[in-house]
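Structure incoming, see below.
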Amino acid sequence: MSSSFGSAFRICTWGESHGVGVGVVIDGCPARVPLTREMIQAELDRRRPGQSDIVTPRNEADSVEILSGVLDGLTLGTPIALSVRNKDHRSTAYDEMQHTYRPSHADYCYDAKYGIRAWAGGGRASARETIGRVAAGAVARAVVRTLCPQLEVVAWVQQVHTILCPTPAAEVSAAAVEGNIVRTADAATAGQMAAAIRAARSAGDSLGGIVACTVRNCPVGLGDPVFDKLEATLGHAMLSIPACKGFEIGSGFAAPQFRGSEHNDPFYMDGARVRTRTNNSGGIQGGISNGEDINMRLAFKPTATLMVEQETVNDAHQPATLRGKGRHDACVLPRAVPVVESMVWLVLCDHLLRQRAASL
Amino acid sequence: MSSSFGSAFRICTWGESHGVGVGVVIDGCPARVPLTREMIQAELDRRRPGQSDIVTPRNEADSVEILSGVLDGLTLGTPIALSVRNKDHRSTAYDEMQHTYRPSHADYCYDAKYGIRAWAGGGRASARETIGRVAAGAVARAVVRTLCPQLEVVAWVQQVHTILCPTPAAEVSAAAVEGNIVRTADAATAGQMAAAIRAARSAGDSLGGIVACTVRNCPVGLGDPVFDKLEATLGHAMLSIPACKGFEIGSGFAAPQFRGSEHNDPFYMDGARVRTRTNNSGGIQGGISNGEDINMRLAFKPTATLMVEQETVNDAHQPATLRGKGRHDACVLPRAVPVVESMVWLVLCDHLLRQRAASL
Amino acid sequence: MSSSFGSAFRICTWGESHGVGVGVVIDGCPARVPLTREMIQAELDRRRPGQSDIVTPRNEADSVEILSGVLDGLTLGTPIALSVRNKDHRSTAYDEMQHTYRPSHADYCYDAKYGIRAWAGGGRASARETIGRVAAGAVARAVVRTLCPQLEVVAWVQQVHTILCPTPAAEVSAAAVEGNIVRTADAATAGQMAAAIRAARSAGDSLGGIVACTVRNCPVGLGDPVFDKLEATLGHAMLSIPACKGFEIGSGFAAPQFRGSEHNDPFYMDGARVRTRTNNSGGIQGGISNGEDINMRLAFKPTATLMVEQETVNDAHQPATLRGKGRHDACVLPRAVPVVESMVWLVLCDHLLRQRAASL
Amino acid sequence: MSSSFGSAFRICTWGESHGVGVGVVIDGCPARVPLTREMIQAELDRRRPGQSDIVTPRNEADSVEILSGVLDGLTLGTPIALSVRNKDHRSTAYDEMQHTYRPSHADYCYDAKYGIRAWAGGGRASARETIGRVAAGAVARAVVRTLCPQLEVVAWVQQVHTILCPTPAAEVSAAAVEGNIVRTADAATAGQMAAAIRAARSAGDSLGGIVACTVRNCPVGLGDPVFDKLEATLGHAMLSIPACKGFEIGSGFAAPQFRGSEHNDPFYMDGARVRTRTNNSGGIQGGISNGEDINMRLAFKPTATLMVEQETVNDAHQPATLRGKGRHDACVLPRAVPVVESMVWLVLCDHLLRQRAASL
């Protein structure tokens, strides 16, 4: 169970869905970074349940407490411990999960690996675990912004099932994304997506989609070749998000459609700045940021919890059927957006600090 | 520069394209694993240049020397150092690269990050760096096979430019893949792909494609949630391979097309074994292997080195043009296949050893 | 600020002396280890303030809460988060410390390194930080005892100022140590040591000493040469304890007094077991445990906080004087004993798990 | 087998005594540090066998080759691989060691842990392994000197058996140490020590002693509390050196002799610089360097290889006797001096780079 992530800026998340709470400890945060509880809470509010009619109605304020590492609005350079108490403790809605494996969930594999599992609400495999990521991501964001005030990370829902948002990455604004409950880039698409999510939920079914993310004004030089190329650590981070099935950078899975002469990004001088005329590289070359926008996309599968009866087996290895109960997202993407951004902040912060160590 | 990878089974690769040589040191290999130089050389021979008319003609035998860690055909439990001397030292073919940045290569970013670069042949950013990975991968394979004799890793070229290989993953055999110079899964497709590669090379152009990889007979229980989910570490590994632009597991980027009721993999009992009727999960649930085939796909961009004139800038930040010289692959995929497999062996080996540490 | 320790069994402690609380997160604990809150609390009770008249009267129950990773008395294999709330928040007793550096404390160095410091009570440099170590040590102990039920770790105060406890390591019992408030190995010496501590306290002064520790029934084979030799990781752990100035293993600093022919430990067969006739090696050879008792000693300096006036400077770099206030230990050794044992359990647990990863 | 050391500046050493060679790979060295083969060779020459009549006559030039990471006298920021070929391959002098365990050597423990061992010359447990440390230490020194040109590390033999060198740490010069074959601080003591070593060797016996080391002009602020306090990582490094049995910093094991009022180091202003009137802290407070000299001492046991018959057992677990053959040091301390310094450079370099990552 590696609940730790990062090297210079290292986090360890903890907590089960229906245990006492969830949280994170950050080791390696520089001192004297401006940081308040509100900065962290604001990000948690973006991922919390119950924020709109298309997400899970689980009633959690997800109120964060700073336990250490901050004094009078500044980081101390010591570990920052952040904790969120669970309000919704063990519910009878999950009783059936104690012995029956939910299809395409972690239940069976946890049992097989650990021989024990906190079955209520999915335990450690619950999406509640991402609270620690978002809280730590808010701290990472504070560090990065202190060093690179212009750096911007914007994620948005680019696709839900078969509905695509046509807005080009360069035109997506954080304000527009936060302006609709789906967190897509324009209001019209948002309406269609929300309708599709409501329809799926009414049918007891669920939908997946694509989250896109762009990083603007990233300094040149982030990323640690060979194995910790910027796209490799971003990919690691993204593929660790529950339900993520794929990651691509720049041209991604469309790259094979190009010939080299079409795909290469010619360099040119834009005043004193080296730039590329196209950006198939997605802002990263040789594993290192080149100053162009870093564009990535993540595929999410439809939520595994369904309100329809499914074939499965139980922990006595007998055939069984299961119908989901409890409160779930019929589509995780609106709440995945802040999680994606948080993981990007964590990766960028780690590389920024590593880059400082490696530069004379 | 993190040239280190892995946690329990940890490797560090080293070497520049036109320096003295390239190699790897492995720390954490268990003792008494059968290992010979031939086992390593066989894998290096699969990635070496000059093996067919569709890959780079650079003349390198890539002969490996075991410097430590092995005695009389068994590992000692001590670090295993492996070295391959470069034969083709600094060539005048690369002189132009000293001051002019090759588009979509690492040249500019290395200069920006490090303020220095071994320009000849791409230095550390050369594909020659993957020799260390393949050599270490052969050792990882020896470890995994000792613990799981039935475990099989097979990668193949599934697509070159727009040509697709139709063979389903479950029907691809290692023998068929090694039976053609493209390393695709059937001979007919191989012919078309090879023709396309030759045509691109004649035009001074290049092609990308897709490499698919399947892991068979993987034990249940590998993978370390939360951040080191099996798909996350596989993705990290794959996206660290030069020219890789995307990674997907199971249904991948097709996942959004499904509804949850279509995407979930129902469990059933196959004798004493828990299995799933479909495998959209790609053999991994909750970040842990479930015993089904682990299916993944990687997108590769077309080779950046072209024999046609391209717009660029030089290290004095002046506009320039550049036409590739030297010996290059017009399509890296045939030689990428053993690199992909090696990275999979490294990930599996690391997780196997970690799993042993975590199990009472 | 690396508040993280360990590799396979990895902990991260957090918390400031007068902040919200202190605690620890453990990543890498195997599943299904019997663990209760009482097992942890019992160890914390051994280090808590106010337990006798010779330690600080700070009034803290140091009541631990398990926030995650344990279900119905068994570990889950997920991170174990443990938290202790501080009761004694910011006290006026420490106001002077805000701007004046206490001699031989961390105050000046923290300011110089971080540019900020949680001055109240020493902040992160307070001995309160060791609560996280002791809590994690109790978990490590539970893991080790599950794997090696006979393994025993006993530390004791061997010296206070110039008073020595004559009991040989092999004859020290945990019961005897817990039977007196000094935690030395016999009652008579305990009386003398307690008297010396009381006298020093009355004079506003403080005393140091030696803590010895022995590990019995350690399995052969623990320790990871080259750099993570068992004595090297033990030394690292011990020298990280506040006020520790020296560490020795086996013959230690007496080793130079011997000739090789006197120092070597001859091997002999004790039934089926390979043993050594003497134990100058201290139970470790080549960095690996050999099955004999592991004997180590740690030197502790006298407490830096004194109730007499001392010369110093302030954070405006002006000369100043300072007289300690607040509640302090005139001798830390009685409360250091459980901290030393905890660090030994952490080191042994980490090596045990690493050894399992490395063995086929 | 963790042959890796360091965090930001990370090394991995490899090689067996009588294998192909020994060496090291360094990952994390900053770019553009002036580095030549001669700088590394000069340090290796200080530790090589055969340099005087009081060390082992094994005939090894220990000539280093830079395999990667350096171009035209500057580091590239890529891994630096350094290799030394063994000249003295398997000798019949060691045949007896194949099945019989040398007392107080690593032989038995390696067999017990790994089930296999490169017995010739001690294999990985040979002092030859320290070649990798010294080579890497020379690189670390180059990095540190680039950042802190005034920083100086001087180690010397302070004691051989019962002969003490009286020179105070502050008066020891590198030139004086290199001016005698024992590497003690004054010529008169050197003569007595050399005589004692020769006498021990003639008797087939061996001697241990104390190596002291001082660091001058260390910047304030190095060291990473809590677990990676500067003295803790120094202690880890030192105790990983073969034959080291103890480590102390500042007052060390003499600390208990002091009362707090005698031991505390009063602060005062020396111009604009905060200094301490005494240095019982040994240059480190709260785990962080305070700018005073860092003074440490290491205890070394007498060499375990003796030319007299000793009681032991063999790998069939039968009683046996053994008399050392081959070429050995009757006292390792003269050659340990550059090893000690190298480990100090490695620790300082790692902390310097980490400090840069942690500072805004």
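All chains are identified by letter, namely A, B, C and D, in their written order; residue positions are counted from 1 within each chain.
Here is the rule we go by: contacts are C-beta pairs under 8 Å (C-beta built on N, C-alpha and C of every residue); 3 or more make two chains touch, one makes a residue touch a chain.
Please read these numbers as outputs of a predicted model, since none were measured by experiment.
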Centre-to-centre on C-alpha atoms, which chain is most distant from subunit A?
D
Contact-pair count is greater, between B-C and A-B, for A-B
Roughly how far is subunit A from subunit B, centre to centre by C-alpha average, rounded to an integer in Å?
26
Centre-to-centre distance between subunit C and subunit A (centres being mean Cα positions), rounded to whole Å:
39
In whole angstrom, how far does the Cα centroid of subunit B sit from the Cα centroid of subunit C?
46
Two-or-more-chain contact residues of subunit A, please, as numbers and ranges.
1-4, 13, 28, 31-32, 77, 113, 124, 354, 358
Which stretch or stretches of subunit A touch subunit B in the complex?
1-5, 7, 13, 101, 103-110, 112-113, 124-125, 129, 159-162, 200, 205-210, 220-221, 223-229, 231-240, 244-269, 272, 274, 276-277, 280-282, 285-290, 299-306, 308, 310-313, 317-319, 354-355, 358
In the complex, subunit D touches subunit B at residues 1-4, 10, 12-16, 19-23, 25, 27-29, 31-32, 65-69, 71, 74-81, 83, 113-118, 123-124
Quick check on the complex: what are the subunit B residues that touch subunit C?
8, 28, 30-33, 77, 146-147, 353-354, 356-360
